[in-house]
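Here the chain labels run A, B, C and D in written order, and each chain numbers its own residues starting at 1.
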Amino acid sequence: MNQPHDPLKALGYHSVIRLPVQWGDQDAFGHVNNTVSIRWFESSRIAYFEHSGINPLLAAAGLGPILAAVRCDYRRQVRYPDTSWIGAKITKLGNTSLTMAHAVWSERQDAVSAEGDSVIVMFDYAANAPRSIPDDVRAAIRAFEQGAV
Amino acid sequence: MNQPHDPLKALGYHSVIRLPVQWGDQDAFGHVNNTVSIRWFESSRIAYFEHSGINPLLAAAGLGPILAAVRCDYRRQVRYPDTSWIGAKITKLGNTSLTMAHAVWSERQDAVSAEGDSVIVMFDYAANAPRSIPDDVRAAIRAFEQGAV
Amino acid sequence: MNQPHDPLKALGYHSVIRLPVQWGDQDAFGHVNNTVSIRWFESSRIAYFEHSGINPLLAAAGLGPILAAVRCDYRRQVRYPDTSWIGAKITKLGNTSLTMAHAVWSERQDAVSAEGDSVIVMFDYAANAPRSIPDDVRAAIRAFEQGAV
Amino acid sequence: MNQPHDPLKALGYHSVIRLPVQWGDQDAFGHVNNTVSIRWFESSRIAYFEHSGINPLLAAAGLGPILAAVRCDYRRQVRYPDTSWIGAKITKLGNTSLTMAHAVWSERQDAVSAEGDSVIVMFDYAANAPRSIPDDVRAAIRAFEQGAV
């Protein structure tokens, strides 16, 4: 039997998290507020950094991620009760920045409810300046993405 | 003397709101969380609909706005205490959708801290379907934007 | 082997939900913000109404719950990553109101991180007025609480 | 003419802040969500520490506040658009903790919409332990409260 995260795996998302929709995520329109998807994207960014094993490499380099941009396309209205599965994959590796795609799967609707991406800059918080993505971080991301980036 | 919303007016934003940064808007990085800018965009969308006078026209047509997409570029880290001024202007009128640009001005930094836009669809919530933007709504938006759209 | 919700069951909480801590739940102190526990209490109130089977009874009576008061004692700082288990039990049945106790269990710390209670009034939203708790609702709550209230 | 914060001053609140209600503060019941009042209490705690001048004294002592408990009584449903004025006053000085009362004034309803209090512990974050409230902090609070505590 299919698991709810299988469709996201089939779309190439190797990092997937599961978050229950809370009643209070809904706004006066009676559906999940648009800011909640952005919070889910954030949680999926954090999880990707853990799942891909790059956190210790970044720590060793004295770097941390900083969000430069986010974009979200809202595909379906989501309502409580539901469970969201959120996938993350890196689709582009630049010099100091990378692009991460996100997709939210609604378990109840069995469909993608939102899609988007984040632009993340590798940042030296001590120096308050962007830095090139270290080679070992690039290698770890490419391995995690199985060569798709 | 310049008022903090003057720079936004100069950038063509005719609808401007003022929102204080709350301490709790900050996350574990010690700066305002990325989802807060998205909330500010939402508040500026709502305010635009009020300032431009299109709410009664939409109500008469049985329509409401629904958010199809949002995009945000984060320009500067914002910290408490500060006050944000958020401008909104409509930059594109499509058939069933319109694009609204947003800019957030940090009073403390005297600079744009975030920019982005929203794609808003005119929606018949009763029929659960998009509708063409009514002519009187278009006219009111063009008047409010002084012909810039 | 013990399941994380067993300690809450042992404390008499028959309704228990599980919610992952999100990174963004943390504030500038680097721990989960105090408002998040209040959101967890809300989610546990909603779940209690589902688990106890009283929602259809309230709907039939034209009533809904409204929150009159909430109280929370913060026992331990919670940090990401962690999973919270939140228990709810009704501890007092008044005429128009009831008191529900909540406890949050930190899976990572294996301890109660927050405790509190909510006062909920049975409300006729159409008439904008409180109403006596219907007899069938009382009976269902007493059955769910196994006579403990 | 009365200013909206005058009623709070009359109730003995010497520290008052003003926060606009945002549309997104509302939940699926169409009124401001209960967690928002708790966020307003937090903002009024932070403001009190600034207004009373005790922040530099606490910093010199290596101490910071930590929230031990919060309680809120919801008096009226609040809806967008509205402006909240939130007052804070210290009503009890213990050894390591103090109690701060909060009241939220709805500008639109010209009435208290929520009341409550916070128990705040003086905390040595480095030692992870509570500490007695320093004498100069006590004196500053008593001066700010004009001897009422």
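Definition applied: a residue touches a chain if its C-beta (ideal position, glycine included) is under 8 Å from a C-beta of that chain, and two chains touch if they have at least 3 such contacts.
Note that the structure is predicted; figures quoted are calculated from it, not measured.
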item: Selected pair, greater C-beta contact count between A-B and B-C; value: A-B
item: Repeat of the A-C interface, chosen from A-D, B-D or C-D (over half of contact pairs identical by residue number); value: B-D
item: Rounded Å distance between subunit B and subunit C, as computed from the means of their C-alpha atoms; value: 36
item: Mean-CA-position distance for subunit B and subunit A (Å); value: 25
item: Multi-partner residues of subunit C (at least 2 other chains); value: 23-24, 33, 35, 39, 42, 80
item: Residues on subunit C engaged by subunit A in the complex (per definition of touch); value: 17-20, 22-24, 39, 42-43, 46, 80
item: Partner subunit D, residues of subunit A touching it in the complex; value: 23-24, 26-28, 30, 33, 35, 80
item: Complex interface listing, subunit D residues touching subunit C; value: 33-35, 38-39, 42, 67-74
